[in-house]
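Common to both upcoming complexes is chain A, partnered first by chain B, then by chain C.
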Partner chain A sequence: MRIAAIVFSPLLALAGGLFFLGLARKVAARVGWRCGPPLVQPVIDIIRLLNQSSVSHGGLFSLGIVFALAGAAAVVLFLPLGGPPPFRESGGLLAILYLMLLAPLGIALSGGAAANPNSSIGVSRSLILTLAYELPFLLILLAVMTRYGTISLVKIVESQAGGGWAIFSLPLLLSGIAYLLILPAILGFRPFEIANAPQEIASGALVEYGGRFLALATIQQALNLFIGPALFVNLFLGGAGNPLFFFAKMLAVFTGVLLVNAAYPRLRLEQAVGYLWRWPTLIALAGLAAVMWW
Partner chain B sequence: MKLELILAVAFGGALAAYPAGKISSRLRNILVVGAALFPAAALAGLYGVRTGNVFYSGFLGFPLILRIDTLSWLFAVTVSVLGALGAVFSLGYIREGEVSDFYYPNFLLVNTAMLGVVLAGDLVSFFIFWEVMSWAVFLLICHKRGRALAAGIKYIVMSLIGSGAIFIAILSLRSAAGTLVISRIAPALAGQPPGFLLWLLLLFSTAFGIKNALWPLHAWLPPAHSEAPSPFSAILSGVLVKIGTYGFILLFYVLIGRNAFLGLGRGWFSPSHLLSLAGGVTILVATFIALRQDDAKRLLAWSTIAQAGYIFVGLAFGTGLSVAGGLLHFLNHAVFKALLFLAVGTVEFRTGGVRDLNSLGGLSGRMPFTAAAAVVGVAGLIGVPLTGGFVSKWMLYQALILGRSPFLAFAALFGTWGTVLYGYKLIHHIFLGQLDRKYDGLRPAPFSMRLPMAVLALAVMVFGVFPGWPLTVIDNIIGHLGFDPLGVTAGGMISQSGALNTLNLLAAVLVSCLLAAAVLKAGRKTPRVGPEDNYAAGTVVPRDRYNFTVSFYDPLERMLKPYLRDFADEFGRKLTGRGRTFFGLVRRIYTGDVRDYVLYIVVFLALLILTQLGWRPWR
Partner chain C sequence: MGHKYSLHAVYFCTGCGIIEIPPALTARWDAERFGIIPAAAPRQANLFLITGYVSLKTLKPIIRTYEQMGEPKFTVAFGSCPINGGMYWDSYNTVKHLDRYLPIDGWIAGCMPRPEAIFTAITHLWGMIDRGEADGYRRYRRYYRQYRANQERVLGRLDWPPLRGED
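After this line comes the complex of A and B, so read on.
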């Protein structure tokens, strides 16, 4: 049973993430009155990329992308996806937070080893953007953990099953709103598509990837698209009793992000940092203060 | 083995290294490595031993005592093992010459004095070893002369302030408690008013805070760490700063005692909380100043201040979990920071003294071993899962969150994300990006420099995968300090509030890694290409012209610049400037004219006679 869960949950996340990737292109196209590629286009792309030849820029270049993908896959094993996660007691939300770090770090290592200035610029941008959204993000997570008095994500979900969704309980409402405000930045969608801006810096850290490397990077991106909303559903929408409900909740959240993505242009980096450190941070701070002294 | 024998042999080795160097450098090298390894080997066997004895009783009527318990053991072993690794690294790093004869005795002297500090069983011998340590460190910081001399002066001035504070504190303790034997002080202080305990806290915290580089007492550390010879920077950062940490543990939980310390004040205004806040400020300020550094060793120096802040928050916060987390982070930090200083030192050694991050790049192809060691070190520094730093930081965060101090937890967590930025900057600017042509012929590090790095890198990973080993020792220590046990398992711990199992993490990450690597390796072979094959929008670029390093985090730096000044250092500079003006004026009384001096004497005598006659100006 547990073995099945270990195999099943990354596959579920991968399928969901690839669906989200396809959906993102489709929605962006439809909002602009275009037809857009079919929903399975990312899958076709990955199969094609896996069969193409690729070149490497050395050991750290390959190691980085492997670490990035492994980090993203490992996070999924600790997330409840409409049921208890395969690995239950392993450091809770704090460990998840740290595992989420492996993906950007791995990409950064790999991108730096490629010795292309475009990728260095992309990495610099992505790390600054990460730092920018981590400020409100950490405040949100701390508010939730302080409210429920635990660091275990499973226990947070269980508490909500008894006491209603966190986003509708008054002190956590502000934190939930702040999470929604920074979700596009976590997922790297417009207006925060700064780190891999294809027209400016040739996809940033991904510029030297081709063939199997690009396939792995796309899979990592798909998992990343899955993790951001999944965490929101677990923290604020009470998780779910089965994977189907869970996915439905995620889809609702994700569609909102896609509409924002389709409507906005890209911000400059300092504008993005300025925004993230102003409204989301203030709201998250107010949320944490409310949890502490309500 | 008797403790005084270990110390005597270590001191003897330090003194003998100088004449041995005059005879032959090979003899000296053997002697140095032997003298550095001996205490490590002798102390390792003393785990779990609790003993102490008077080794000299005639010093002004005070008995001088050496003793060992698990706390001293942990610090002593860390000090001596790092000392031995630093000595081995020095063999390659320190170029032969006149000054090398002077370097080794000092190096061993510092290590031995640190051992003495952690093994001292009474405050008089503690103070004596403390002073020997401070002076020997001063000589080593100044080793390279030039700019190092200014750094050394700054260090010794602050260090002397700390020594003065300890001295006053010892005198106050002597008159209040009547004893200076460390284990007898806490019971003797039982009836003292809280004001006296605060006074002790203030004095000792000044001294230990300066050594521990606690904000705002950190000003000496960045220049000292960056100017000292690299193997000694590793010792400075890895263990010497932590002697301040040891002092704090001694102060909070042994001299004053856990209950008395945590019982002082109430809520926000308790010393425990205020000191934790100082630790939180240290983390944030030092992390973001480190982000702006362009000198590799200066960046690491600021990072040391920030990480010492983590340790200090854990100690001052005062729950069993937080103190254990602080102690574990002490151990981990000693390992990974020493590793990073050695890696940077290797680069400095091979490139002919280049530490400027903007003029390096792409060295991973030339020094793959050093690059790998640095990546492991930075991973430990950030606290990537499966390295030692992860476990200790996890414990600290958990303690702070469950202790309902989310703002302190926020400082610690956000500091970690700042660490990601400067840690990556260090790796990227030195080892990634394009290689400058002038470094084409760079050779890898010699074996004597690679060996210490290999040992330390292994330790970073072992402490991350099997944290149960160090945690067992730490569980024992906090038990003696009066806290509840942790519930240690091989892969972490199981407690009421949350469990950690690094073996699960290891399994998850390892299997995912293998799968991803299999996909990457499957199919056709991947040819390796150089940077000249890079995408450059259809143009050909020269190989070493396009390296993005200068102002790497520019938008962020510009935004943070107005807030991120080293206010403490600026205050110190202003103070010394004012002092110079004032004392320049005072100096004018030395006119060089005998008649003026006679006048001073006459005025002074007149004042004395007046007071004798019954004029009391102060009434």
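After this line comes the complex of A and C, so read on.
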């Protein structure tokens, strides 16, 4: 039973993430008065990429993307997706905080092994952006953990079932707003798309990925797209009793991110870091202070 | 099925014909409906649109970009210049018959072809992929000695090693 949950949970997250990836392209197209590709286009892309030959730059290059994918899949095992997660009594939010860093670090590892200066620039931008959003992210998680007195996501979801959604309680409203402000940065959408800018640095760390590696990177991106909103729904919107209701809440959050993505251009790296270390950090800090003193 | 509905074109702007690609990608004639998006790097792409005339100077990067792409890959010559020299038929510096130096799966005539012609060509390419006729990359490997001899005749000694028979 537990084994089935461990195998099934990342697959469910992958299916949801691929749907989100297709939805992202469709919404960006529709907002731009185009038709856009079909919703299953990411699946077609992954099938094509898996059937295309690719070149590896060595063991570290191949290993890095596998690290990133493993990190993303491991985070899903700690997330309640409308039901208790497979690893419910081991670490909770602290484990998620650590494992969420494996994805950018894995891509950085293989990007460094690729003999391409575009890759190095992309890796540095990706890591600096991660550094930028990790600060408000940590403050938000500290506020939630202090308010509910636990690091277990299952207990946080259960407390909200009894006492109402966290985002409607005043101190955590600030933390929720801060999370929504940094969510595009976590997911890599505009205005924080600097890490993978196709027009500037030939897609950064992904420049040397072909075939199989790009397929794994797309799968990892799909899982990332699932994890960001899922964490928000669990922390601030009270989770859900069943996966369908959970997915509906995630869809509502994600649609907001997509509309922002369709409307905004890309911020430069120093603009992105300056913004992320200013307003979301101040709001998250205010939320943490409010939680500690109320 | 995966190959034809997910044609990512490497965004190498080879000649003047590239001016006709952004209209095909933007809102009026949306190419993303066909699954075509521009790919930033040749390793991520499987379609090479050779737009416009190919000068001797551009031929070298075109060959290197083509060889970096993963297989199966498809080349479409866009415009009249790769077909028979087009507007530059009597120039000393342009390549008149691109098919001698790079395998071409299909040509789109015009100077410049309209976006409707591009989409007709893409659906034609889909049919060729279905019937297994879009095998330019296999021809390149099979007759690589002859292609390389043609390339070296116009470009002089090439400083990259010849393709090995792997993959």
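Rule of thumb we're sticking to: the second predicted complex is superposed on the first by the 294 of 294 C-alpha atoms of A that agree within 3 Å, B and C clash if a C-alpha of one lies under 4 Å from a C-alpha of the other, contacts with A are read in each partner's own complex, and residues count from 1 in each chain.
Note that a contact is a pair of C-beta atoms (placed from the backbone, for glycine too) under 8 Å apart; a residue touches a chain by one contact, two chains touch by 3 or more.
This one's a predicted model, so the numbers in the text were calculated from it and none came from an experiment.
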{"item": "Which superposed partner A:V207 touches (first chain B, second chain C, both, neither)", "value": "both"}
{"item": "Partner chain in contact with A:L109 - chain B first, chain C second, else both or neither", "value": "first"}
{"item": "Which superposed partner A:A70 touches (first chain B, second chain C, both, neither)", "value": "first"}
{"item": "Partner with the higher number of touched chain A residues, chain C or chain B", "value": "B"}
{"item": "Partner chain in contact with A:R25 - chain B first, chain C second, else both or neither", "value": "second"}
{"item": "Touching partner for A:I44 - first (chain B), second (chain C), both, neither", "value": "second"}
{"item": "Partner chain in contact with A:E134 - chain B first, chain C second, else both or neither", "value": "first"}
{"item": "Partner chain in contact with A:S54 - chain B first, chain C second, else both or neither", "value": "both"}
{"item": "Which superposed partner A:I121 touches (first chain B, second chain C, both, neither)", "value": "first"}
{"item": "Where chain A meets both chain C and chain B, residue numbers", "value": "50-51, 53-55, 118, 202, 207-208, 211"}
{"item": "Of chain B, residues touching chain A in the complex", "value": "362, 364-365, 368, 371, 375, 382-385, 390, 394, 397-398, 401-402, 404, 406-407, 409-410, 413-414, 417-418, 420-421, 424, 427-428, 431-435, 492, 494, 497-502, 504-505, 508-509, 512-513, 515-517, 519-520, 522-524, 526-529, 531, 533-537, 546-549, 552-553, 555-556, 558-559"}
{"item": "Touching residues (chain side chain A, partner chain B) in the complex", "value": "10, 50-51, 53-60, 62, 65-67, 69-71, 73-74, 77-78, 87, 89-92, 94-95, 97-99, 101-102, 105, 108-109, 112-118, 120-121, 123-124, 127-128, 130-131, 134-135, 138-139, 142-143, 145-146, 149-152, 202, 207-208, 211-213, 215-216, 269-270, 273-274, 288, 291-292"}
{"item": "Chain C-facing residues of chain A, complex", "value": "25, 29, 32-37, 41, 44-45, 47-55, 118, 198-199, 202-203, 206-211, 214"}
{"item": "Of all residues in chain C, those that touch chain A in their complex", "value": "1-3, 5-6, 8, 26-27, 30, 32-33, 35, 38, 40-41, 43-44, 46, 69-72, 167"}
